[in-house]
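Following this line, the structures themselves.
Note that chain A is present in both complexes that follow, paired respectively with chain B and with chain C.
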Partner chain A sequence: MTKEMTRLLIGLLCGLLLSASIAGAEEAGPTEYQVKAAFLYHFVKFIDWPDSGSILKVCVLGEDPFGKDTDAIEGKTAAGKVLSVARIRSVHELKKCQMVFIPSSENDRLESILTAAQGLNLLTVGDTAGYAWRGVIINFYKEQGKVRFEINRDAAGRSGLKISAKLFSISRIVHDAGKRSD
Partner chain B sequence: MSEPTRNSAASAALAAVVGVLIILCVAASEARASQRDLTQISIEELLDVEVYSASKTVQKTTKAPASVTIVTASDIRKFGYRTLADMLRSVRGFYITYDRTYHYVGVRGFARPGDYNTRILLLLDGVRLNENVFDQAFIGNDFPVDIDLIDRVEVIRGPGSSLYGSNAFFAVINVITRRAKDFGGVEVSGEAGSHETYRARLSYGDHFANNAEAVFSGSHFDSRGNRRLYFSEFDEPGQNNGIAEGLDSEKTARAFAKLSFSGFTLLAVYSRWQKETPTAAWGAVFNKEILSMEEHALLDLKYETTLAGDLSLMWRVNYNQHPYHSHTPYDYAEPGGPPLLVTNNDLSRSRWWGTELQLNRRLFGRHDIVAGAEYRDNIQQDMKNYDIEVYTLSRSNSRIWAVYMQDQFNILDNLVLNAGIRYDHYSTVGSTANPRIALIYSPFGQTTFKLLYGTAFRSPDAYELHYEAMGYRINPSLKPEKIRTYELVWEQQIGDSVRGTAAVFSNKIEDLITLTTDPDDFLVFRNVATVEAEGIELGLEGKWESGLTGRISYTFQETKDRDTGNILTNSPRHLAKINVSIPLLREKIFLGLEEQYAGKRKTLRGLDAKASYVTNATLFSQRLVHNLEASVSVYNLFDFRYGDPGSEEHVQDIIQQDGRSFRFKATYRF
Partner chain C sequence: MPVLKDSSLRQKLIRISLVTAGFALLMSALALSVNEVIIFKRALLNALITQTEIIGNNCTAALTFNDAKTAGEVLSALKANRGVRRASIYTRDGLLFAEFRADGNGPALTEGLKKEGYRFGLTSVEIYHDIVFEKEIIGQIHIHSDLNELYANLLRHVTVFLIAILFSLCAVYVMSARLHKTITGLISDLVHTMSTVTEKKDYSVRAAVQGKDELGVLAEGFNEMLIQVQSRDAELEAYRKNLEELVDRRTTQLQTANEQLRRELAERNKIEEALRKSEEFNRHILETVDEGFIVVDRTYRILSANTAFCRSVKLTEEQILGRYCYELSHHFSKPCHESGEDCAVRQTFERGEPFALSHTHVGKDGEKSHVEIKSYPIRDPLGNVVSAIETITDVTEKKKLEEQLRHAQKLEALGTLAGGVAHDFNNILNVIVGYGGMMEMHLAKDDPHMPYLREILAASERATHLTQALLIFSRKQIAELKPIHINELVSGMKKMVFRIIGEDIETNIRLSPEKMTIMGDYGQLEQVLMNFATNARDAMPDGGALSIDTQLFEMDTEFIHMHGFGKPGKYALIAVSDTGKGMDEHTRERIFEPFFTTKGLGKGTGLGLSIVYGIIKQHNGFINCYSEPERGTIFKIYLPLINDEVIESEEAKIGSEQGGTETIMIVDDDEHIRKLTRELLENHGYTVIEARDGSEAVHIYRENRDKIQLILLDVIMPRKSGKEAFEEIRAMQPDIKALFMSGYTEDVIQRKKIIEEKLPFLQKPVKPRELLANIRDMLDGKLG
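For the complex of A and B:
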């Protein structure tokens, strides 16, 4: 029994290994959060923050899904601003941020986060179904393995930020809950 | 200790495979192409980048139709957990009994002596791990996967038969393994601890083009154990004055592979564990080696895909085998004659394969439907016991099919009705249907109430149905035992940092399968006892900006046999736990402190195992030097002397637990 099992195991592992090394020889695709981090960087080029300085603080609130994936944008310059990524745990820290990413871990307290974000000229970004129509300005979703985003036009209007028409043109437009046409 | 040679050959082969594997894997990782800079392309191009498969959406615990606790990989590191049992000790309402062979989990005041964890369902990435002869779930060093490969453990309290079928009686424990992304290359880990305990692990995990990912790992655990264990029950000159010398060793070899490719996930797990039993259980000769071996091999292929729109499909097929073997020395001497030592062999062979299809769909905007069907074929459920002649030879097999459905009806944004039912058909004991209903209401954003009702069953296992050794008689009319549970849970977010939970529960277990003795002294399993349990659980969990985290919980429970009115054995009235992780140097050095209290527990002989206070401390550092993680742990810091109640097979009424012990561990990522 043991012998048989060991042989089975060896065979199996070799098979797996072979396929893994073949796969490894090709170019690896970026992870979902590497792409999302890159989007956060690109958004800066299409948005005007009123009276902002030369440093643009990108905050991640709560359970951080990015990990090292934000390293690629840390310290990068976009539209003359240097990006600085920070992890925050409390809504009281929101006033330090120009952009905040709200992960799905905050689903239950999204409304209170959005209330705290009011009047702070803050770009709110999420990646959870329903976030946009609940009032988050930009919300990522996935389609055929690609990252797309939707923009809540009402929330964008309330935010005090100037968002270029170009960004709207490549996004899916949504409205606050209750105003939805579907 | 004379280990059969075929085992050492198998171990050597295993070691060789792991070694070769790791070399090749390192080579593969070197060959990986560097990634392009996504900030240097246009936003339109970025929209066209195909990404590596996303994490499956995990249900928020506040939306789950149960009271759920999650223990994470971070907890494993910060509190120095060595086994799944260590993790479960920290969970509200759970307690562990260790008889120096197996670890047994008690839930909400229920831990029957002699119950091999048959009343919890243990899953690995959703695959059932309870074997099919004794229905045993293994949670100590006999758990088939190395603890460092665990991403998180989801403990779902209450009956889960409406989705999972048999054994999901008190809780479902789903162990989820780390993804390839969490490794990002090679990981090496080693540890050394008291009682000459060593562990070494080599793992490799990474993701590649076309959404492919792979994880491979091999590890070895070896412990001499406590070299001198004193048992007063055997304190006689002829019995080495009650000292079991060098009879507590333990060894585990494990191999793990997980490969994902465009919707398919292949999981392969192998483990081989052996433990010496120093307690002279089952009437064995004292201070002689009793050796138990458990082996588990699992192969699971899962396919997940999204069909039209919001319809998603999961299909899986798996094969498991779990042989068990133990050697026990008996003295068959004539009264007054010279000793006649004979080694008794106890064996079981457990093999099964199963398949499951599950569909998820959102309907009419407000209904999330889960529907599925499962088939399991227990190809082999054999037991054997012999020293020279065969005492027991029970060969059996059985088949199970089941269908289930669950509807999460989002009535309002803050009101959810979750209803599910599962119908199981057993070729051995017939059919059973088990519903679960949960009403989840959030009157305010910060407050959630859950009202839960459910039933669950446990079908008699092959051992209870077919074991016919000397002294045992088969009961052909044995049927499943049933549990009915009511629970009210209140979850409250307090400020930004603290979350509170209060739960009141009531369990009623009927037709409990119990080993009884007939007037002619034969042992027979019967559906006799009715047990009622009531209790309250309180928990607070906090996470602060500074990195400070903590959990504190208290459980009061009363578990009674309805006919006698007596509190059950091994059922503490009070349980309290505190876990605090203090950042000493932000993000880098943490002090993890853990305190576990269990009230006194009644033993089989009507005595009390005294209340226990166990304190564990772990100093953990990460990223101080490059990718090195290191920790020092002290378990049972104050060397508190306590014991767990023994079972029917023990002469000892109370089995002494370990005093203070130490461990040093280091992990490095390349």
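For the complex of A and C:
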């Protein structure tokens, strides 16, 4: 047996092991933020967007928890619009967004963000407990390991967006703080 | 329709109406039901599809956001629809997403994705609907619904229809029952009219005509027909009357002619019957008689033949008629007289008179038969002999029997002759032997005349044997019959027979398995067998075989008829056969004659077989001989069997020669015998009184009854026989002792009685010693 052949065999073996580890990673199912990214995409379909061009900009404000997970929805079409994901730092950039994800890092300045978003026909989405009754329209939470979401009907009404009743039917409805919850 | 065939018109109409209406209603109901079902089915399907679409639409969000719980809640809204048994939602990958079951929880069904649409089963309907959201199939909803509602609906409809049909049919029945009269009334009327016509033969009635419809036309036609029939009837009646008169006239004429004819016929029948009877009678006579009967014409052609003739020539009547008599009876090709034979028919034809002769016919198989022919002329009205009646009587059998009779008579005559001579000769010998014996007693043993006297006595002895043989042949010898077993007799003779025939001849004795007892004289029968043995030896000088067989033989009438001798019954048959020279017919006919011999001079007396014959006859038996020259001879002896199986063993009587002083009466008609006996008895000390015959004996006894102690009696004497005299004397003195003597007697009954009563008896000639011994024994009470 020559040295070249031994080397070739070792190479082949390594290649096989590598591919097996990749396959194992795929079978483990989507990560939490992959699911949330997909939800962001699906929300598009249940909302009657005002006619504002063919691009629908999904912005992530502040610290980005998604990373590459948003790549899956980048460029996809929903409700006749092509999705485009952008990361923003300043509330001033909210003007060019149709949907904004507010991570928990923005907890402290949430009220100022929400104020900035007023009148922008902007769908606000978060994944931090208490965000919904503080005024975020859709807020993710986890129930029995599954990603679910709640909708602040008051905030939705304020945003000027028409959210499909079907979306309400599968979500937990909340109201602004101080109001009676459904 | 077979069901309707025999029903009335009314029933037919009602049934037809009911069936028609019922059928129409049923078809309508069926059509309506089908339509109803189709409509309802469509409605059901539409409702289900709509529901499915709504639910599918409501589930889009749940499907999109993978919220199975909410989807399940949406599906459970189907609870309101009681038909839905099961509903399920599948993701676009074909995985079960959410499920609803009307009957609670069960195992999950994973049917997978199906083609969109619906599937109708017998009991359920299944709907498959793709859930489309944003122009994209995101899943599929399946709904399974039962068809209970559909069937309940159908049942309701059917019930309603059936009730409606029932009511309708009732209405139809009532209506048709009322309406039928418009048709059947008319027909009934017509039928009534018709039956009146048929039953009463009244053609004057008419059917009522109502309306111009088909029935009206029918009634009119019927009436028209009646009119025509009525007129035809009248016409026929007229013809009939006319014809009847004519027939009556003709019948009377015919009856007269018929009566006349019948009378003539009866007359004729009577005559024919008489003729037939007479013919039958004659024919019957001809057919019954044993004689052959034929009618021949002048050319000897047979015109008629009876059964006996047919039988004799062994041909049927058809085969006989038309053939020539000489052809059948003699197998000649030309008339008998041309062949040199005399012919009775020819004589009758020539002389015109009956003629008789006897000659020999030859049968088909060459067998000859002796016949007696008689012929009678048959004349035509002019007196010419045109044919002849010939009767043929077969006398072969008769001739044979005549021959046998002649032979028997010849032997009988010879027997009588020989017996007579022997009797007289016996008496002479008695004297010679008697005096010779006395002389022998008187002479000293060493007297020089003694040898001469011995010769004389020896010759007398031989002469005695000769006369005894003759007496046996003539059956005048008294035989002492006792029961004898034939097989014992034959086997007892075995040794003797071997000694006679010598070693060159093979002897076979075969005895029957049955024990056969006869009444016979042992000594005589021994003599018979010895004679046969002697003859067999002489017939086989160069050796051969002698067989003696005994067997049980049942003699029947057929045997007797065939052989010309015998009496029915059971016999012991002794067959003695040799393989010797045999003899011809001529010799065989004469063998039983005394002094007939084929042996050389001095070799035989010629009395052997005649003695045999006599012995067998005396035993009431039969003897028969078959012989063929150079082949051998068989003698067959038949001796009648008796039932008594006991052979009395009689002790040998040994007498003792002694004299005495008693008084003895001698009764004999022969003077010489009386003298001889007196001298003998007186020499031995007895006192003797003589009597010449039976009556004298009785007379003398009466006078000397105290003196006489024994009577010596001859059996046959003139005036009164010995037996009769003895009876009279015994009446006077029951214990009187008597000794009978006889040489010969023709009175068989007398002789038999003496033997039967076991009276003491001596055969003449009596030897002096024997006589003395018997007398002494009787006087001493040892005998009688």
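We take it that the second predicted complex is superposed on the first by the 153 of 182 C-alpha atoms of A that agree within 3 Å, B and C clash if a C-alpha of one lies under 4 Å from a C-alpha of the other, contacts with A are read in each partner's own complex, and residues count from 1 in each chain.
Basically, contacts are C-beta pairs under 8 Å (C-beta built on N, C-alpha and C of every residue); 3 or more make two chains touch, one makes a residue touch a chain.
Everything quoted here is computed from the prediction, not taken from an experiment.
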Comparing chain B against chain C, which has contacts with more of the residues in chain A? B
Check the residue A:Gly145 against both partner chains and state whether it touches chain B (first), chain C (second), both, or neither. first
First, second, both or neither for A:Ala79, with chain B first and chain C second: second
Between chain B and chain C, whom does A:Glu32 touch in the aligned arrangement: first, second, both, or neither? first
After lining up the shared chain so the two structures overlap, which partner does A:His42 touch, if you call chain B first and chain C second: first, second, both or neither? both
I'd like to know which partner A:Asp108 touches here: chain B for first, chain C for second, both or neither. first
Touch test for A:Arg89: chain B only (first), chain C only (second), both, or neither? first
Considering only touches as defined above, state whether A:Ser169 meets chain B (first), chain C (second), both or neither. second
Pick one for A:Ser54: touches chain B only (first), chain C only (second), both, or neither. neither
Chain C-contacting residues of chain A that also contact chain B: 39, 42, 45-46, 78, 146, 148, 170
For chain A, which residues count as touching chain B in their complex? 1-3, 5-6, 8-10, 12-13, 16-17, 19-21, 23-32, 34-35, 37-39, 41-42, 45-46, 65, 72-73, 76, 78, 88-93, 104, 107-109, 111-112, 142, 145-148, 170
As the complex stands, chain C meets chain A at residues 58, 60-62, 64-67, 70, 74, 133-134
Touching residues (chain side chain A, partner chain C) in the complex: 39, 42, 45-46, 78-79, 146, 148-149, 164, 166-167, 169-170
If we count contacts the way the header does, which residues on chain B are in touch with chain A in the complex? 6-7, 9-10, 13-14, 17, 21, 24-25, 27-29, 31-33, 35-39, 42-44, 46-55, 57, 60, 62, 181, 206-212, 214, 216, 255, 257, 259, 261, 266, 268, 270, 295, 297, 299, 321, 323, 349, 442, 445-446, 448, 493, 496-497, 543-545
